[in-house]
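Each structure below appears as structure tokens.
Both complexes shown next keep subunit A, but they swap its partner, so subunit B is in the first and subunit C is in the second.
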Partner chain A sequence: MFRQVLSQQWVSLRVAVLVFVVISFAVPLLTVVYGGGLADTDLPRVAMWLDGSERIGVLLPGIALMLGVFFGLGVWQPDQVGKHVYALALPVSRWRYSLLRFTAGALLLAAPVAALGVGSFVATWAVDLPSGVHAYPAQLTFRFALASLVCFAMMFALASATRRVALWLFGALGGMLLADLLLAAFGSSFDVTPTVIMALVMFPGPLSILTGRWALFDV
Partner chain B sequence: MCRYRWSLLVAMFVALPGLLHGQSGAERARLRGLLARADSLWALRAAQDSAAAQLVRAGRRARLWTDGDVAVALWGGVSSGAGDSLVAVAASQLREFGLVPVRFMRGIVMIEVNAADTAALRAAPAMRGRQPVLLDWVPGDFAGAAKVAYEITRAYGLSLDSAARVWLPSSAGESWELNREGARATRWLVEERTTSGTRCLAGEAGGCRRWLGLDDAAQPLSARYSTADIRRLLATYRYSNARLQACMGGDDGSCYKLVEENLTVGINPIPAPDDARNSLLHYVRATRGAEALQRVFEDRQGLMGARFARATGQSVDSLVLGWRAWVLSRGRPERVRTPVGEAVTALLSAGLLTFLATRRQRWQ
Partner chain C sequence: MTNAIETWDLRYRAGKSFELRDVALKVREGSIYGFLGPNGAGKTTTIKLLMGMLRADGGQIAVLGRKVPSDMPRVLAQVGYVPERPHLYPFLTVEQAINFHAAFFAGFDRPYADELLGGFNLPGEHRLSALSKGEMGKLHMLLVLAQRPRLLILDEPTDGLDPVVRRDVLSALLDFCSQGSTTVFISSHLVHELERICDWVGVLDRGRLLAELPMHAFKSGIKRIRVENPPSLIGDTPFVLVARETTTMDEIWVVRGWQAPMVQWFEGTGARVKEIVDLDLEEGFVELLRAARVPAA
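== the complex of A and B ==
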């Protein structure tokens, strides 16, 4: 049954998978587009080059987030279009079916992650690094895999939720914004929304993996 | 009406001597009346001027703003929000950097130059005994908080002993960011052309000690600068004199004497510029905490290198080599890695979300 679910998801997500594979492969290569012979370069130029590498690295959490959004929403799309008739016709419980969907989506997610790994290793081999500068292709790929998985799980859970849960979430978001407005009106310096966002993206928040260092090349 | 009044007064003063001479008694009485009127107008104007001056003075009357141990007297025109924000940000900046001890901050009160009548504020029980420190700040300046923090740090620097005072960079206390000031310190080190600086860049601890002025040499100048360094630095010096000519002509002794006797020729006794020394302070703070930074300047014994060593609990050599690596990596001690905690959190979050997504029974 897993093969059928996987095949169905591939059909609905193949364009997204291919686009993300290309992007994930290309991004690490952008860091070496300015040249590979850095061993004899003077230090200020290496520092500038590292800056560039870091800036390109900043794109990666964004790509992981997009990957999570597209795949997390995409895996449920056939069911939502078909009003869950296909799923209900199958002799499996809902939790097992959801798990199959999640596993199949996570497997498709592995393709862009692998492409990023390949791209990172190719970029590392293409450049002649000066002493003191190191490449971190494996670390970067591992981080990207974790970030994509978390974003995917989050969007997967949201997409599988009922309208009531979705309304509840939007209500909570609106409530936070309203609380901010009221607090500002009373002259308070406390903000609810930024505090919640910080709690999510700072360790031990679930999205803390998206922050931190994302450079392929560093000291 | 007012203009007419003053024109009349001026005309009266110009014409008065001629009018008084040869006038009849009635006319004289009329003129005396006019003069009395003029006197009263002058008195009125003086009273108005005085009232206006009092109004301006009242507007400038100092108001005290405090946040923790930081006390700042600003002129009365500063709004509540602006004053609160200025002092809070300055106090937070000082606390975050941690160089200036609380004891020192409790002993001073910043007085803004435009603030008037500050005596009453300074006489308040909470402010009694605090030394006034002048704050040259233009209200409305966005960098007001930074200026307060900078001036407090500067005042603290002036209270130190001579060795620390000379060593403490003037930029200490200014806002410091890794990507901006940290990168500038890297550039100084990389582009440095003095012998001590280039040796430091090459990784020699002694070179870093000398460049940063942390060495314990009896004659620091000759240790920190070679005569070739001095000649190169003086090559573009405009004002020639006999000693400079002797130095340029190859007399090494003249070169050192020139620098020792007149430090205004552009050669600092410490080769490392302010940015580089400031980065050492931030390195100590980042690796050993703000307490270590305070210990360096609380210590009044010996040379700066020894004070840094005592405060950080490591040798000067290991301190400067650590700083060098830190600066060259623009202050980034951590490499690209995914800590176990972050990885576990990510996996647990993904697992929990998946569990929540699968446990529901309803399809939509």
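== the complex of A and C ==
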């Protein structure tokens, strides 16, 4: 059963998987675009190189977010097109079917994550690092995997929600914006929407994993 | 005899304009039950309730002896369902769709599926998005028949199909039914189609079950009778008066459950039967709907 769900999701998402595999493999390699032979280089040039590779590292949380969003929506899309009629006629409970879809989607995420890992190790191998500078390919890959999985899980949950839940969410969002307008009209300095966003992206918020430094090379 | 489907006082409201009211279905095991009704009568809604896809506002449902929706996965393991519109994954090939479906049904008969694949002339390597409406209808039928289900629930399975494909699909269905004791619950507004294959019929209109009876009783007992000097008040009748319409000279009565000796009942009231006309299923169906919408005087 799981093999068939996985196979069906692969057929549905294979183009996206391949695109993300290529991107995830390429981004770590871009960090060495500024040069590889750094062992005997002077400190300012090393600092510049580190700064450049860090700027490329900023792409990674964005890719993790896109990966999670795309896959989270993508695994439900075929069922949503058919209004879930086919899935609901299958003899499995709803939670089990959701679990099958989630596990298969999470397994497909492994391909871009693995590509990033391979790209990171290749980049590390290609660079002749100066003393004091270290490479963190395994840590970066782990962090990318975790960030993708968190984003995937959140989008998966949202996409699997009923229309009523979606309306509730949009209603809550609209309510927050309305509350901000009213608070501003009464001269309050408290903002609801930025507070909620900060709660999501600052530790221990679930999206805090996307923030901070995403460097393959660091001191 | 046990019932494959049974509902008690089933109620469901969809918005302000439509409501299923006190629907009490009894579908005998082994029967081919035609669920007739005009468009918008509530046939698909009833089927979705039977399939556990909608939650009833009231009443109870039992399918194959199990409660719906609480025991759904066990029920669905023995039910083959063809929805009104195909909802299979369009990016899969026919072979992949069969493999996907087979993985969920323990009793899926792969050799039979292959036999039907050949019989229906379906191209196994083609994507579903490239199939015609007729081919899609055949594929749906293939999938549910190869499940070897105890109950088939078919929601207008031949709607929009050309006559050749319709014949292929119905032939496969009848072949399958002849092999075992599968119960078939088939909804349609195509009366003649059901007339040929069903042994029971239920008529739904505006969310109400108007009649449920054996097909032979529905077909043979419906008459249009021209009555001279009819009684103005009617007490107990030996037949069911479906509709009564006054013409310039006489009255036209549409009755169900008619038998020849019942002419004497009219004579007993001082009336005279001038003409008795057999109605076919479609005419009977139309008269039944007319009578339900404008109650007999």
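As a convention for this text, the second predicted complex is superposed on the first by the 219 of 219 C-alpha atoms of A that agree within 3 Å, B and C clash if a C-alpha of one lies under 4 Å from a C-alpha of the other, contacts with A are read in each partner's own complex, and residues count from 1 in each chain.
To be clear about the criterion, contacts are C-beta pairs under 8 Å (C-beta built on N, C-alpha and C of every residue); 3 or more make two chains touch, one makes a residue touch a chain.
Computed from a predicted structure; not experimentally measured.
> State whether subunit B and subunit C clash or fit side by side on subunit A once the two structures are superposed.
When both complexes are placed onto subunit A, subunit B and subunit C end up side by side without any clash.
> Could you say whether A:Pro206 touches subunit B, subunit C, both of them, or neither, answering first, second, both or neither?
first
> Quick one: is A:Leu90 in contact with subunit B, with subunit C, with both, or with neither? Answer first, second, both or neither.
The second partner, subunit C, only.
> Does subunit A have more residues touched by subunit B or by subunit C?
After superposition, B is the partner touching more of subunit A.
> Which holds for A:Val150: it touches subunit B only (first), subunit C only (second), both, or neither?
First partner only, subunit B.
> Give one of first, second, both or neither to describe whether A:Trp214 is in contact with subunit B, with subunit C, with both, or with none.
Touch partner of A:Trp214: subunit B, not subunit C.
> Using the superposed model, measure off the angle between the directions from the CA centre of subunit A to subunit B and to subunit C, in steps of 10°.
140
> One more residue to check, A:Ser12. First (subunit B), second (subunit C), both or neither?
A:Ser12: touches subunit C, not subunit B.
> Scan A:Gly82 for contacts with subunit B and subunit C and give back first, second, both or neither.
After superposition on chain A, A:Gly82 lies in contact with subunit C alone.
> On the overlay, how many Å separate the closest CA atoms of subunit B and subunit C?
7
> Shared contact residues on subunit A for subunit B and subunit C?
Looking at subunit A, the two contact sets intersect at 83, 88.
> Quick check on the complex: what are the subunit A residues that touch subunit C?
Interface residues on subunit A, with respect to subunit C: 1, 3-5, 7-8, 11-12, 78, 81-83, 85-86, 88-93.
> Could you pull out which subunit B residues touch subunit A in their complex?
Residues of subunit B touching subunit A: 183, 186-187, 190-191, 328-330, 332, 334-338, 341-343, 345-347, 349-351, 353-354, 356-364.
> Which part of subunit A faces subunit B closely enough to touch in the complex?
It is residues 42-44, 47, 79-80, 83-84, 87-88, 94-95, 98-99, 102, 132, 134, 136, 139-140, 142-143, 146-147, 149-150, 152-154, 156-157, 160-163, 203-209, 212-216, 218-219 of subunit A that touch subunit B.
> In their complex, what parts of subunit C are in touch with subunit A?
51-53, 72-77, 79, 81, 83, 85, 87-92, 96, 99-100, 103-105
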